[in-house]
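Pasting the structures in now, so scroll down.
Look for subunit A in each of the two complexes below; its partner is subunit B in the first and subunit C in the second.
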Partner chain A sequence: MPQLAGRLAKIALLLLALGSLYAVALHKHAQREEIRKAAVALTPGCTEKLGRYGLAPGKKYASSYVMERTGARVELRGYSEEDVRAIERGCNIIDDSQGALATDPWRERWNAKRFIRGNHVSCDHCHRGIGDLQDASGNRLPGSNSLAASWTMGDMYDRFTGLLLPYEMRQMQCYINSSNGYKPNVADDVIRDVTAYSRFLSAALDLKIANHYEEQGIDEIPASATLKQGDDYIRGEVLYNEKCQGCHGLQGIGLEVNGKLVAPAVAGPNSWNLQSRNNFYFVSTILAGFICRNMPPGQESTLQHQDCRDIAFYISNLPRPAGDRQGPVVALQQQLLMRVLPPLLRLTESSPSKSAAPAAETRAQPVLGHAE
Partner chain B sequence: MKALALALKSRALLWQQQLPAGNSHLLVGLTLALVTLPQAVAFSVTLAGVPPHFGIYAAIWGVLFCAMLNPSPVFHGGPNTAMSAAIGVILLPTAAPFGAEYMGLALTLGLMCGLIQLLFWLIRPLGRMLDLISEPVINGMICGIGLFLIFRSLTTFGGLPVNTEVEWPLWIAWHSFLAILEVGNLYAIQIGLITLATCAVLQQFERLRNWAILIGIAAGTLYSQYLSARLGLQNTLIEQIGNLSAIRLVSPSVPAFTQDALPDIVAIVPGAVTLALLGLFQTVAAMRRMSRKAGIFTDSRKAIFADAASNCLLPFLSSLPTCASFNRMWLVHRLGIHSRITIAASAVLLLLLVLFFANAIALIPMPAMAAVIMLLGANMLNWEDIKPHLKNRREAVVFLASFLSVLFLDLFSAVLVGSFLAIAYSKWEQVNPNVSLRGNVLKIRGNIYYGSLPAIEAIYHDAIERIDDLIIDFSECFYIDREGVRWLAAAKAAHKVGFVDRRSGHDRRFEQAAPDRRAGEERRTVSATAPQDRRLPEDRRAVRRRERDRRRRSEF
Partner chain C sequence: MDAARSHERPSWYAAVARVRGLAALAIIIAFLLWAHFASGIPVFHSDVSAEPGWEAFRSGYGVGYFGEDGQFVRAVQNGYNLFFHTHKYAARFTRKSAADGENSCASCHTVEQLAYSFVNSDRFDPKLGARVSFEDRVRRCYAGSIDGFVPTVYEPAVRDIRLLARAVAHHLQLSEGALSKEN
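And now, the complex of A and B:
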């Protein structure tokens, strides 16, 4: 008899556990439904961008950007209210992945923060201009990492591995390597919303699917685009100390003032990892291209090609987290370097960053201007 | 008439006696076939990057060949998680998955793996090396794989797409769990939970235990069919096993050995070695573990031959390589069947199932399959097997190391880490012999070999300075290597020490006769000082042994 009772208790416990698991799932699903139905509080940057492109629910959508540029009215299938909310959430995630501008970051950014390690990285740091960088007169810039142009190539063969990567997988790679974070499930809303936003951007700019546009990716700087003096990280260090250290700090660990991010880390625990393609040792042309196009803010395109390669080389020599496929030994080694090197260097070097920090704050305003 | 009825009854009784109570070979075979099927599909598609028929043929021909060649009645071959994952990793840099080139290379890899395994059979010491995996290592691996299977099935359980990455760190399992709660397909979760609950509840009853998985899958499939009828498959979005009609009786294939592929083939040779070792480690380890559980013994060489021969044949039948499957052998054990016929029957049944009931199998929902795999994983975490390892600190360390290595590194590293620790511990034990000095007797208990000599020398040299007539007693040494022999000879040559070696049957019997160990100890110490004094009556064998010992001692 006690055997039977024990067995019944076991079964009851098991059913209870499974039932409560289901109850939790129901509760979480309801929460998600609520978030998806709620109105979206846009960041200032997104309000401006989506407003300019005339995003509104309706049967037809005609981009005001295209009308303004070409004079032609291109009518496309419109967006439902649900679609509009998804696009808005996607824009928010790109502009402010960590939810610094949100009242409830976890809810409003749909857990994007959960998949990012550290508190610096935002999608917008690489995909400038909320994934659609334009100059003052509204011209789209080539090699600006545009999400719109990226979407038109949809599922593309990866240049480096030869694998067919769907757009969702490419986003996952961003989370894993560029934010040194975790892989969201392909079906997760964090991926779906960003896809919706990218797709909307390509419609708003009237980009055609399966076409390659110059805005996609980065205008890379190979060694052949220089005078072929050879890359030199010592020269890079000098240049870094002169031009970058004011904002990005000694050892590239980034700058936060009063808990607010002024310049993101380019090395150290809050930065991209060793397997990111920003890493000079992995792909030497990408980070150099990004630096030449975007840095230093306010004086873009003043650096020579060789300078950018040198700086990229130097930055990639600074300790940063290991990639998730490099195994525990490399991870441990990198963690050790990141913890030990900066304090050691602070001891041995006289730090110019202290005096430069206040100046950096004012200088860095235009960088994150839209995010303030 | 009455006589006929009686005869029939007695025949029926006889038949019943031959079968284990409550078991039917057919039922067990069917269960095994149905459990192997989803694993075969999942391993080939998500891990190895080849079409599902590769895994299914491995589940048919691999199991059949192993059952025919391997005399062990507990052995169940077929597709394997670690091997499939390794194939995916090895071939990733060579070609695009699911392409013709990739599949050809996968077959070549399997063939090379089989040939390398054949070497392990031909060269005896290589095969014996596989026996160095200790039981805590194997149990750690089993528990690790159990958890791994549970984590691995999480996304399918929740109706989410599988993240097609080969590696599977723990934190991804956690994120998958959160994803199920937040964005999982609720219908899939319902089907999975119904299957899981049905199986788990039925498992509690002795009589229904063997039916549990079949009934569970049936319940899940029925519920999924009910949902489809009510809401339509396009609304429930339940993934089903799908179309298997492409599978034929035999599908011959040829591994790629063309001029073009040669650089790739050379590049994957180290991978082939890894794959071969991975398979053999698991085969030897799983077979030893399960044989002991069943109280039988099978020579591991025969298992190595069975694996090697199967893997040399399978690439010509468009199949993945085979090796032992811990989870399915566990199932075989739980079902209480030790019969090669049943296991072979499971392969034939699977073939018949996919040939004739492809339409019915196609309806089985993947979440139900995931639930069954999770249940198998949970069953592998057996507290009764873990408990003995946690009582001893060394075993606990080895067990935990191999368990954690499966979760944090991979199966191969788990074997290496665990075996290294186990060997290191056993060597470490021998490195510190118990050396005691009582009066003028230096007693050494343990091994005298190159590793332990420094520890012995330290005390010996300390003693020899104080004591003139030192006697070294190595009666309780069980192993002396050549270096030890040379050292003892050198010590003797210094004419300062005497030797006592009474490793004879006579003295052992003497020790057994004296139940009080301390009393025996004292008596022996006395006799050691005057070795020729006390003698008990002895038989001729003991005399002969004594003679032999004396001859040995004269070596020094």
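And now, the complex of A and C:
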């Protein structure tokens, strides 16, 4: 009899534990549903971007950008209030992945930063102009990593992974490697809302499915695009110290002033990892292309191809986290390098970055969404 | 009694009992070796069976634009097979026996409708009270219209239909939210 009572108690305990898990799951689902229905407070960048494209609920949608550029009114399917909120949340995640501008990052960004290690990375650092970079006249810029153009070419063969890579899985890769973080579920709101925003951009720009547009990806710089056709680490270091360290710091670990991010890390624990496509040793053409197109702020496209490759080569030699498939030995080695090297190097530095900090802040603020 | 029974067992039984763990492992290894090297069953093959109508579809919809025989084209071809011959290529999701009629996606939809559905997916559906992705729609078709089972979102039976829709949407030069003539 006591044996039976013991067994029944065990079964009851198991049922209670399972019931509690079920209750927590129901509560979380209800909480998510509530967030989906809540009004969205847009970041200043998203207010400007979505306002310009005329996003509003309605049965039909006609992009004001397309009308302005071509004079034609292209009528597309409109968006419901739920769709509009999803697009707005997606835009916010791109602009402010860390939730620095949010009063409650969980409610306003699905706490996207739980998938990011470190407190620097935001999607907008690579996908600039909130994923749709344009010049002052509204021309879309080639090689600007446009999310809209990326969506139209989603599901295609990806030369780096050897897979037909759906857009959602590409986002996962960004979280894992470029953010050195964790993989969200494919059906997570954090992924779906960014897809909704990217699809809206694609509608607003009237891009056609599976057409190649010049703004997709980065205009890469191969060694063959330089006269020297070889990369120089020492020259890269000199150029980095001259052009980049004022904002990104002597060891590339980024710059924060009064707890606010001024320039993101390009090395160290807050940066992308060794398996990111930004890493020169993995793909040698992408970071160089990004630097040439976007850096230094205010003097974009002034660097020569060789300069960008040399800087990218130098940056990629600074210690950074190991990738997700590199195993514990490389991970340990990189962790040691990240922790041991900076204090040692600091002893040898004359610390020009400290004096450069206020100037860097002034220079970087209009460019980086997190600066304010 | 036990002692008497053990006397009745053949002599090899005790030997096998002593090494039964190793024997099980040897059987598994032998099976794997046979399956890989001697069975003749293809473990992986990248070619897709050409069903009637594929070549006409391929040239009619300009699928060659994506490369003559790239991974994308093969996936589109698999999507084509799934769409027009669902009972054959997604049999495990259809809950149909040989005696049932041969339902396929093409029984209800055209590929053009599929493409328009793709560019209008990821939208809020008031009936379901949720935003529904293209993959969700396909999975609902498997479960509802085909009276079958729900594939996972990563399943080629779902993914390749999305790729088919993408290829047709490209051929029709659709943009996001494009409205068909019926709309």
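One rule holds in what follows: the second predicted complex is superposed on the first by the 368 of 372 C-alpha atoms of A that agree within 3 Å, B and C clash if a C-alpha of one lies under 4 Å from a C-alpha of the other, contacts with A are read in each partner's own complex, and residues count from 1 in each chain.
Note that in this section a residue touches a chain if its C-beta (ideal position, glycine included) is under 8 Å from a C-beta of that chain, and two chains touch if they have at least 3 such contacts.
Since we're looking at a predicted model, the values are computed, not measured.
For the composite obtained by overlaying on subunit A, subunit B and subunit C cannot both be accommodated without a clash. Legend: residue contacts after superposition of the two complexes on their common chain; A:D232 is shown touching neither subunit B nor subunit C. In the superposed model, A:A196 makes contact with subunit C only, not with subunit B. In the superposition on chain A, contact is made by A:V186 with both subunit B and subunit C. Touch criterion not met for A:E256: it reaches neither subunit B nor subunit C. Of the two partner chains placed by superposition, only subunit C is touched by A:R77; subunit B is not. In the superposition on chain A, A:K10 makes contact with subunit B only, while subunit C stays out of contact range. With both structures placed on the common chain, the touch criterion links A:E300 to neither subunit B nor subunit C.
Once the two complexes are laid over each other on the shared chain, residue contacts for A:A210 go to subunit C alone; subunit B is not touched. Contacts of A:E220 after superposition on the shared chain: neither subunit B nor subunit C is touched.
Subunit B is struck by only one stretch of subunit C after the chain A overlay, and of the options 5-13, 41-49 or 131-139 that stretch is 41-49. Common to the subunit B-facing and subunit C-facing surfaces of subunit A are residues 164, 186-187. Looking at the complex, you find that subunit B touches subunit A at residues 96-97, 155, 160-161, 163-165, 167, 169, 171-172, 175-176, 178-184, 186, 189-190, 193, 196-197, 200-201, 204-205, 408-409. On the subunit A side of its complex with subunit C, the touching residues are 61, 74-83, 86, 151, 154-157, 164, 166, 186-187, 192, 195-196, 199-200, 202-203, 206-211.
The touching residues of subunit C, counted against subunit A in their complex, run 66, 70-72, 75, 118-120, 122-124, 126, 131, 133, 153-154, 159, 162-163, 166-167, 169-170, 173-179, 183.
By the touch criterion given at the top, residues 7, 10-11, 14-15, 18, 21-22, 24-26, 28-29, 31-32, 111, 114-115, 162-164, 169, 172, 182-189, 324-325, 327-328 of subunit A touch subunit B in their complex.
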